[in-house]
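First the structure, which I've put down as structure tokens, then a few questions once you've had a look.
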Amino acid sequence: MDLLSFYNNSGFAHMEWINLIMIAVGVIFIYLAVTKDYEPLLLIPIGFGIIVGNIPPIEGMPLSVYAKGSVFSYLYLGVMKGIYPPLIFLGIGAMTDFSTMLSNPKLILLGAAAQIGVFLTFLGSLFLGFTPQQAGAIGIIGGADGPTAIFLSSMLAPELLGPIAIAAYSYMALVPVIQPPIMYLFTTKKERRIHMKPPRQVSKKEKIIFPIVAFLICALIAPGSMTLLGMLFFGNLLKESMVTERLANTARNSLIDIVTILLGFSVGASTQAQTFLTSQSILIFALGAASFVVATMGGVLFAKLMNLFLKDKINPLLGAAGVSAVPDSARVVHAVGLKEDPSNFLLMHAMAPNVAGVIGSAIAAGVLWSALGNF
Amino acid sequence: MDLLSFYNNSGFAHMEWINLIMIAVGVIFIYLAVTKDYEPLLLIPIGFGIIVGNIPPIEGMPLSVYAKGSVFSYLYLGVMKGIYPPLIFLGIGAMTDFSTMLSNPKLILLGAAAQIGVFLTFLGSLFLGFTPQQAGAIGIIGGADGPTAIFLSSMLAPELLGPIAIAAYSYMALVPVIQPPIMYLFTTKKERRIHMKPPRQVSKKEKIIFPIVAFLICALIAPGSMTLLGMLFFGNLLKESMVTERLANTARNSLIDIVTILLGFSVGASTQAQTFLTSQSILIFALGAASFVVATMGGVLFAKLMNLFLKDKINPLLGAAGVSAVPDSARVVHAVGLKEDPSNFLLMHAMAPNVAGVIGSAIAAGVLWSALGNF
Amino acid sequence: MDLLSFYNNSGFAHMEWINLIMIAVGVIFIYLAVTKDYEPLLLIPIGFGIIVGNIPPIEGMPLSVYAKGSVFSYLYLGVMKGIYPPLIFLGIGAMTDFSTMLSNPKLILLGAAAQIGVFLTFLGSLFLGFTPQQAGAIGIIGGADGPTAIFLSSMLAPELLGPIAIAAYSYMALVPVIQPPIMYLFTTKKERRIHMKPPRQVSKKEKIIFPIVAFLICALIAPGSMTLLGMLFFGNLLKESMVTERLANTARNSLIDIVTILLGFSVGASTQAQTFLTSQSILIFALGAASFVVATMGGVLFAKLMNLFLKDKINPLLGAAGVSAVPDSARVVHAVGLKEDPSNFLLMHAMAPNVAGVIGSAIAAGVLWSALGNF
Amino acid sequence: MTFTNIGLHNLNQSGLDALQFSLMGMALVFAGLLIIAIYIALLPLLLKIGTGKPKQAETSDSTNREEEEEILLAIATALHLHNNFPDGDERITWKSHGDMESPWLVSGRMHSLNSRKLANNWNR
Amino acid sequence: MTFTNIGLHNLNQSGLDALQFSLMGMALVFAGLLIIAIYIALLPLLLKIGTGKPKQAETSDSTNREEEEEILLAIATALHLHNNFPDGDERITWKSHGDMESPWLVSGRMHSLNSRKLANNWNR
Amino acid sequence: MTFTNIGLHNLNQSGLDALQFSLMGMALVFAGLLIIAIYIALLPLLLKIGTGKPKQAETSDSTNREEEEEILLAIATALHLHNNFPDGDERITWKSHGDMESPWLVSGRMHSLNSRKLANNWNR
């Protein structure tokens, strides 16, 4: 009980430089969120979680997310068991307006095309020696959808959940940096200037029927997507039915906020440098970046392919919104379009491939899960 | 990994016609909620849950509420362990104003009389060959109170929870259809035109003391009702004490909404046709309907019985509100009263037997539980 | 199934006079909260919980917090596992403004000095024969911080959690009664009249950096404080970052309210007279009172000690706010100051030692936990 | 992971032809979203057919009269409640429309109770 | 369930006389609600007796003066806070009244702090 | 607990010197809060040094022009959205600013998207 034993029980005794690196990463996340407004709702909880997770815990004391019986381990259960992501999807469903998608169904296919990033990254990860389960979980980073990535990792490769989640959210935050160069590279100035027709009005009836039918289609084709899409479309039905406004309101406010806080913090706190900073993690970050690039390419090029057959040309920038990363990639599309032609307003149109991309990657996750899961 | 194996992993391969029937039931629930405004806060979550629960899951994959380790099974835990119903009662308590009941205590007895439906249905279920535990759980459908029915089923007969919950909520939604004929049958035109005296003002002090004393009375008589009524009166104290307004507010908004979403959805999702569509379920629906009819009769006839002794006659329509189904049966009473005499306003008076009926069926549930539970 | 067996199953059969005493205590808690506005957000849930917890449960039926499988036992899990207190700290963090503390860092030391109450009570409890673990948990009552006391008790001495929690909250509610005499005793009229300089403006940048750095300092010195302070400073970062306003809002409203309801109620319901009314509990209450007195003395006397060295004298009343009991002890300081000199406004200045006291007792709890925990 | 295991042979392990699987996966994603797109494109047509028939204006008159009557009753109820129940004394609570803080909301409910009889209020 | 087991004999199985039990159950439900009803009917009388005695107007004067003084102090505090603490700089937060966004709320608290001494504010 | 075990010997049991431990504990509490106090006292100085250097007004001009241009674009977008998308038809939802119920919020986002290039907006 002397000074030495106190020192040995303090964080100073066990702090390693790799923990300091991770703490610096956490601080950078918070800095980016505060000063650059990059996805602050995700980066601040994750960033602070990283800082907390890299304080060296006292040997045997129930402190870290990995310590049996610790409070953080209970909060982390919602990540490990895959409970938080569907609840977030419930809230997102209660926020999402599928109107533009309903008014221009052609744009939905762009959300399918962008999923090429998922499968190419899957193949790349296999090539580099990851197991099929790990490769599937890494591939889904290309879906650009945080909750989907966390859900699939927790089911297929929980040992990689930390790096996959951090990679997914980092790149989602960096969408305004990653996507524009690729969009410029694969489109001509003339293409970027294509104006879209204003969408038609969508009736209440169409909006109410949509979540039910869309759920049935997706769940029958890929039952593995039932958990995420069931909650997404359930939330949307709560919103569109007009008679459950108070439930939709709670789902898209208190509920999603509580889950976002717990999810972000505990994912961040799971990144102890000792298990996080491995060569695997670096590979995952490289694969994740590649996957975002490929997905963006996939969307843009598929739009150009569709234009070969369509009379009313699609602005191929919209393809980039197919990666999802809702709603940031839609905003990036809008911003690039505006740069080229200050009268070209793509934001609302970009929401169609954007939300279709969410559905698309949930289907992809369902397919990967059902084929690769260890049941 | 060929087309055939994909087909075998899809929902198409395992879909049976009984699942399609259940999906149609789910769609009908949603349709009734949207177009007819029947209990939408319950029917929409349950309806969508039924649809989700009847997508054939992939063998061995953790998808359905019954699959170990699935997300839905974790959400369903709150149903199975009986956790959601008391939390809903907390919110209901924080919403309920017991003023009319406090101003006219005679009307409370109507809420007791309607519980005859519970015990007659219990006897009927026994007669038809159900076990005593199952019969108790089926009887409580006559309590016309969703959370109470779910709570008691989860404790006495979890294997029947699905049909009992669906029956209870269906009939609660159909109260405006079921009750009026019985009310007309057992009352004369003159009785239906009886006007009630305006209630007296109730002091703050009475309102604050009420939940404490009422809880003590009920819990001492039937300790089994402690869980539900403890939460109901706790919520009411939060509301009436005036010093915990923020807690009451959260209990009757975010908290009850979150629990309602999870409860409704997971109860719905537990109705897989393969286990749900049995001859037992059909019997339960028949018994449930009978139980609502008997409960309504019980309330109306007891009011007429009381009138034999009272100077200030009670409008016997108020007896129908004793079944609870808060606040729908009170509204039905009001509507029937208005039809007969456009100057007869029964709504507020009907709230007294209405909330008394909630307390009454919670006591009945406590009695059934303590006598029939397998401890 | 006759009248006798019903009587034996009722609460009347098993009610003992010690249960009636506890029920009276619960009623007194509610009475104090309603009529005197003493900490109603805590006393009303705890008070009603005490009433519920002292209804004699039916033998073997899953009713009480201690009965395996009961609903209340699930709600109580959040207490036993120490989950509720950090979530409450998250909400408190999202409410707390550290500005005054940042503008006058000298006052922080008063929050350290008041923790003398914790360690002297620890020694006193040891002297009286409690085990070191129990003594640590009792000592923290002097921290005057409900969630910290519950957290440490659940980790060190769960068998004493009930009495410790009730003692902590009782004395926190009685701060306006306990502190003033001590404050008068140890200060002169002249000292009580010392005016404080108005605090300086604190920049946004300082406020954002503060929770991160303060967390690192505390967690490295006492990693055992990581759970509580991690959440406290996380909540504060959500508030101060300005970009996560919606998360901060949910943390300080819905989330903290839900947890407060569940925590208060289940702590109250854990006070069954049969296990609660022991000689140990009486000792704990005596030690708790002593600990509040010592803590107040510690703060006041340390302020006078500091004045020996400072040019700008500190009003020693501010020392009393160092015990935390946020924000009541700060209000008491303000009220006593106003009594002496109607132009002396100490409220804002008292918030500095007040919130420093929260941090101080969390550090003390971390130190006690890491040294005394059974890992 | 030791990087010793890089190579194309990884794409064909433990019975999984990864390339074929990926093509199949993309096909399923496209299939799902394509069917949704087709459904969306066809729905307005279907709805037009569906609502073509029941557009019979015959019942509207009697319905309107019945409805009007009910509105008058609802207003009467509302006024009655407003006059006889002092503020804050009664809130019927929960379900469908949250707290009923004003008697006008109660009247709204009364009205909607009546309108349950109306068949074609799906479009509201 | 095979429907082969229908019959009155089911009402008397495994030691449970279902009919007697049901009667007892209804009796308990009535007992609970009847006692509540009686309690409610008697409470106003009890409260009248209870408040009959302490209706001594003697303390009201000194209390009022003390209270008034405190109100003045509270207003002074409020003005002081308003002038010396720029907007948004300090929120004392949590407990009892939620966020204290305006100094007037603080003053309200100060006042209620004082009023704790008042014995008969139960009726407010 | 039987009260038979009262005494100073309890302060030195099972290898724990309770007195020394308590002193150490108080020291740690003081250490933590003292370091925080020192940090707080020094931070404004550090921030002054930190912001002393980058106060180069050179980029401000080009930045301002670029920014102004973007503001105009944002306003144009806002007006476009307002005119072409009937109320309630589109809410982009979630993240960063909650529901975007008015096109002005969208424009605010557009603007902040652009301002990501600005280096020294930490102080806003």
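For clarity, chains are labelled A, B, C, D, E and F in written order, and residue numbers in each chain start from 1.
The criterion applied here is as follows: contacts are C-beta pairs under 8 Å (C-beta built on N, C-alpha and C of every residue); 3 or more make two chains touch, one makes a residue touch a chain.
Note that the structure is a prediction, hence the values are computed from the model and not measured.
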Taking each chain's C-alpha mean as its centre, the one farthest from chain C:
D
Centroid-based (C-alpha) most distant chain relative to chain A
E
Using the average of all C-alpha atoms in each chain as its centre, how far is it in Å between chain B and chain D?
23
Just curious, how far off is chain E from chain A if you go by their C-alpha centres, in Å?
47
Between chain B and chain C, what distance separates the C-alpha centroids? Give it in angstrom.
40
Residues of chain B engaged with two or more neighbouring chains:
1, 34, 37, 40-41, 221-222, 243, 246, 253-254, 371
Listed in rising order, chain F residues that touch 2 or more other chains are 16, 21, 24, 28, 96, 122
Contact footprint of chain A on chain C as seen in their complex
81-83, 86, 90, 155, 208, 212, 215-216, 219-224, 226-227, 230, 233-234, 237-238, 241-244, 246-247, 249-251, 253-255, 369-371, 373, 375
Residue ranges of chain D in contact with chain A within the complex
1-8, 10-11, 13-14, 16, 18-19, 21-22, 24-26, 28-41, 43-44, 47, 96, 98, 122-124
Touch list for chain A against partner chain D, complex:
101-102, 105-106, 108-109, 111-112, 115-116, 118-120, 122-123, 126-130, 132, 135, 203-206, 209-210, 213-214, 217-218, 221-222, 243, 246, 279-280, 283, 356, 359-360, 363-364, 367-368, 371-372
Could you please specify the touching residues of chain A with respect to chain C in the complex?
1, 9-12, 15, 23, 27, 30, 33-34, 37, 40-41, 44-45, 48-49, 51-52, 55-63, 69-72, 74-75, 253-254, 257-258, 260-261, 265
